[in-house]
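To start, the structure itself, in structure tokens.
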Amino acid sequence: MKLLEYQAISLFNQYQIPTMKSAVLSHGECFDDIAGAEDFRFPLVVKAQIASGGRGKAGGIRFAQTMKDARKHCRDLLGRELLGYTVYQVLLTEKADVRSEWYLSIILDRVDKCPMIIFSPEGGMDIEELARTQPQKILRLPIDPFIGVQPYTVSYLLAKSGLSPFYQDELYKVICRLYQLFLQQDALLTEINPLAVCGDDERIIALDGKVEIDDSALYRQKVWLQAREVMPEEDFVKEARAFNFLYIPVEKTGPVAVISNGSGMLMSCIDLIAKEGIQVSAALDLGGGATADRISQGLRIMLSTPGVKVVLINIFGGITRCDEVAQGVRDAVENYLGKGQFVIVRMEGTNKEKGVAMLEGMDNSLLMAEDIRQSVDLLVERRDLL
Amino acid sequence: MSVLINQETKVIVQGITGREGQFHTEQMLAYGTKVVAGVTPGKGGQEVHGVPVFHTVREAMEHTRADASVLFVPARFVKNSATEAIEAGVPLVVTIAEHVPVQDMMYCRRLARDRGVQLVGPNSFGIISPGKCKIGFMAHRIFSPGHVGIMSRSATNCYETVFMLTQKGIGQSTCVGVGGDMIPGSTFIDILPELNADENTKVIVLIGEIGGNEEELAAEYIKRHVKKPVVAVITGKNAPKGRSMGHAGAIVSADGTGSAQKKESALREAGVHIAESTRHIAEILLNLREEYEL
Amino acid sequence: MKLLEYQAISLFNQYQIPTMKSAVLSHGECFDDIAGAEDFRFPLVVKAQIASGGRGKAGGIRFAQTMKDARKHCRDLLGRELLGYTVYQVLLTEKADVRSEWYLSIILDRVDKCPMIIFSPEGGMDIEELARTQPQKILRLPIDPFIGVQPYTVSYLLAKSGLSPFYQDELYKVICRLYQLFLQQDALLTEINPLAVCGDDERIIALDGKVEIDDSALYRQKVWLQAREVMPEEDFVKEARAFNFLYIPVEKTGPVAVISNGSGMLMSCIDLIAKEGIQVSAALDLGGGATADRISQGLRIMLSTPGVKVVLINIFGGITRCDEVAQGVRDAVENYLGKGQFVIVRMEGTNKEKGVAMLEGMDNSLLMAEDIRQSVDLLVERRDLL
Amino acid sequence: MSVLINQETKVIVQGITGREGQFHTEQMLAYGTKVVAGVTPGKGGQEVHGVPVFHTVREAMEHTRADASVLFVPARFVKNSATEAIEAGVPLVVTIAEHVPVQDMMYCRRLARDRGVQLVGPNSFGIISPGKCKIGFMAHRIFSPGHVGIMSRSATNCYETVFMLTQKGIGQSTCVGVGGDMIPGSTFIDILPELNADENTKVIVLIGEIGGNEEELAAEYIKRHVKKPVVAVITGKNAPKGRSMGHAGAIVSADGTGSAQKKESALREAGVHIAESTRHIAEILLNLREEYEL
């Protein structure tokens, strides 16, 4: 689960990572609703909160020199569509007196399989470019969970970055607190870009924040579990989650949706279909042991995905029983199939014969395949119908 | 011979009194697995399908000196149960559950390495040496004894492959589900040396995916140490990108780490047969059948 | 540093380990000085706080049925001598309704080199006897510092002790908290004996407590560093500590004291002297790099130890310079030597010749030896003078 | 040959800019030790006796790939400095300071074992291979090259022994101060295999003390693996008892663990020559002199 900037900033505040003074306004509120709005030191930055990069260029980041400006920008941004997202919140922050911009993140590294600090003395917008062109300017340092962040970790980062030991204590505090946040919030990623050196006293301040929380850990991160329910997110994803399914948008549009009982087979299906030049718009992972009524609902969700003509179902039943699958498919085809839509089913495993028998005698809207390859072949043969 | 487990392997089932634990204990016993003890805190002294239940793994180990433990516990209890098994000195710990918090696995993996314990999973079907022993929940009917050793990040792709192989009469020595999670307890290079050393394994199959660098590390190991033929498939070429909001993802993968292209080229360079799909794996193995007496 | 019972109990309270309601009275106070004394539920136990076992038999533990009893016992015990110690505090606690007594401690185990839980379902006064006769009734379980105390740790202790899982949650809490105390207070030993099961609801309560703090860690345990300064302790130990020396009482009495610049050589000396049947009353470890004036003071302290006739000094100078030693010895012999006292000096290392020359020409009160053996031989030859 | 260190050993000095660090760096350099780098946080870029100073051990390792690090830092900084050296991958870490908090050493020892690092000390004079290399603060003039390998819990008893040996013309291969603390980084059994394998070491001397079980474990190892003569002394027979207030001490030592009697009988049973005193060690070695060409 990816947090929006204002949520990340609120975590930074909670963990005492220095940020600029800020306030959040939600849709329906106006600037003067902010408690103590008059205490803000102008200019302010007004930032639209959407789950997308590139909002600056799209007009989602604005500067307010006066109270009047701020009121206008808030009014203007809240509720507006930006890069395909509705702006439900704006974040207002005082503008920092930036001397230099660093990059700092702590991520769970798939390669080392432990947390990793990524640091660069040249942060800001061009960090990805820097990673490509001058990778040596980006330091990566694994954190041993049994050791944690130590003062020498930070000394090393500063020394290798050519920065003065002057920043040691403040940077150490920031990294320790970010690591605490990382651990306690079950984060997969925490990022501060830029981490700015500000003002004559060269204070280190987080000017932007990104945090991603491990979905598997949300059961013990109740705040974010609740927050997720009200976050702007695809309806299908939410609907599928209610049945404990994982709905994965694939291409922006496409006539095919795939369903399977494991992410591996889903990927196999998508690879085979893509190789034929046909686009898959979405995939649904049922996980293990789905029952007939849940399968029926999963199929309904995929059939209602805009633009979908065919749903391709591949089940290799370990625990899942084929007769349950057949029952669910039959039910969905009878009740939810739209005009011109059809379903291709391939299933293998426990009670296969029984399941196949249950699906026989259905009309052209339901095709049976023997294996994955054949299920894709049936699709390719009907390319014209897509 | 077989890898990691065989007909002598003594197995503890953690969470044995739960619904899943009971069901799969029965399945494993029926398959011939030596389930010697179960563990459920607070239920010591009971029996499940004739298997004695203990409060703790330590007691179970004192009584049985088991070789392996398998966890049929919900995701949120995996950290505690795996830690218990590792601390009690179980040499092989297999975790099944999906949706285990990633940081829990980070901790367990770190601890297992430190203690010299082989941790397999999570989000894994387990391990099976067909005809000898199974630890996990895999649909064992599709497996058959033979000489192909399989390691897979995906359960369904492994089933699919094994199903085709068994249909063609090509059996398996040992199949290991290393699991599909971000931080697996064991990865390909932890299992490869075992399959490489196993005289009953004549060909090795690696079922990989995009993400991480397990396949790249495997390629390096294969290049240096493995003389046996290896067949690999990498799925997920057309999977949706992670839509990462931060720059960190882009930085980490700036060198292409994790892409199917990088993995396939590393494996190809190591002399591995690259399959286009699970069906293609079966086709390649059919070609190798005679030479390697599969 | 060994804490007194009331200090241990105050730590238990701080870490929320259940104890009986209690209060501490210091010398000079009386029962009615206790805030809320009237709320105590009688009977009370009044316990003299001294750094010695066996106080029960010596009359240091008394029961008060009434307020009047309590007043009397407090008055009676405070300031009194008991087993060689002055009673500066008494601890008053409500009497528990004990159903059974367990034993629990966490110590730093020298063998496994990690913390170890020791637990027995048969606690109380006879635990040492139990350790000898039925060691299997005493469980020892190491704690991996990277794992800590886990619920299964406690399940195991209960199962192996034949106790009901009923106690799981409460005992887990107690052990976790005791381990926290152990770590955070830099303890070498924490002990609860008895850990009693009390009342109809079978609550687990610590009825006595012993805690030993690592002296090397006192610099970061300021509370105990301060407490040590006012604790009843041998004056010599305190005086030596002021010069950064370690004063070690050996036998209760004896005519010999030994000084060296390392505990290993001190032990060697004591072993050699003891083998000759001569008693050593005290030893002084100078540590490394002592200067002339500090050596002089060390010698003064040993010379003033009651009953000491001879001080035997063995220095093997690595960093310590022999001329500094000689200067210090000379000074002490001239200023602090009592009637009939004499000093045997053996020194080796940097500037030895210079040092030896400085000590030549002193009278019979100062004897020079070539090595440890000879220093002991000189002592044995003068056995009659001791 | 020599044990742990030799004339090629590259050494980092942590705390090199301090008074002790500077002094002993000079001493070590004068003795021939290859001190290749120093570390003091915040003082990177300086030099001490021609040795470059770095902010961190990791940088020092990147520049020098050193083999060992010695800590001339106050007791309260030992945990941090040792952790830094261990995490930076220094293979041998020697800590000198006395009065290191015991729990700090517990942590460092645990970490060192986990990471495969040889940690020696604290409260140790260090390690010396006479004529080749010294790491620590020992008064090196009393040492002489030869064939007696020494491990000692006590610095002064080791000095005493070495002094007598050198006077009699019996030299030493390597002397290791395992240190006198409750939780040493290495104990006799960590050093024994090295001395046993070293062809330059013909006789082994073990200088032990009451407390702990290091001598008992050494006896077990000697019994199984060591063919060379071993001479041991146990001091502290008449040391004051710990005057433990709790019962725990009595429980732990109820079986006699830690007593001089138990240690001596275990060693004797393993065929070790038991010396009554440090002087007696020298006498025993004089008897072995001819046979072993000491």
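Note that the chains are named A, B, C and D in the order they appear, and that numbering of residues resets to 1 at the start of each chain.
We adopt the following convention: a residue touches a chain if its C-beta (ideal position, glycine included) is under 8 Å from a C-beta of that chain, and two chains touch if they have at least 3 such contacts.
On a predicted model such as this, the values are computed, not experimentally measured, just so you know.
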Query raised in the report: Looking at C-alpha means, what's the farthest chain from subunit D?
Result: A
Report summary line: Comparing A-B with A-D, the busier interface by C-beta pairs is A-B
Query raised in the report: Per the centroid of Cα atoms for each chain, what is the distance between subunit B and subunit D, given in Å?
Result: 44
Report summary line: Between subunit A and subunit D, the Cα-mean centres are separated in Å by 54
Query raised in the report: Could you state the distance in Å from the CA-based centre of subunit C to that of subunit D?
Result: 28
Query raised in the report: Which residue numbers or ranges of subunit D touch two or more of the other chains?
Result: 114
Query raised in the report: What are the residues of subunit A that contact at least two other chains?
Result: 144, 146
Query raised in the report: Can the chain contact pattern be summarised as a line, a ring, a star, a complete graph, or none of these (other)?
Result: ring
Query - Chains that touch, pairwise - result: A-B, A-D, B-C, C-D
Query raised in the report: In the complex of these two chains, what residues of subunit C are touching subunit B?
Result: 144, 146-147, 150-152, 155-156, 158-160, 165, 168
Report summary line: Residue positions on subunit A within touch of subunit B in the complex are 2, 51, 53, 103, 105, 107-111, 113-115, 118, 127-128, 131-132, 135, 138, 144-146, 183, 186, 188-189, 191, 193, 210, 212, 214-217, 219-220, 248-251, 260-265, 267-268, 270-275, 280, 287-288, 316-319, 348-350, 371-373
Query raised in the report: What does subunit D use to touch subunit C in their complex?
Result: 75-76, 98-104, 106-107, 109-110, 114, 125, 137-139, 152-160, 163-164, 180, 182-183, 207, 209-213, 235-240, 244-252, 254-255, 257-258, 276-279
Report summary line: The subunit D residues in contact with subunit A across the complex are 41-42, 44, 54-59, 80, 83-84, 87, 111, 114
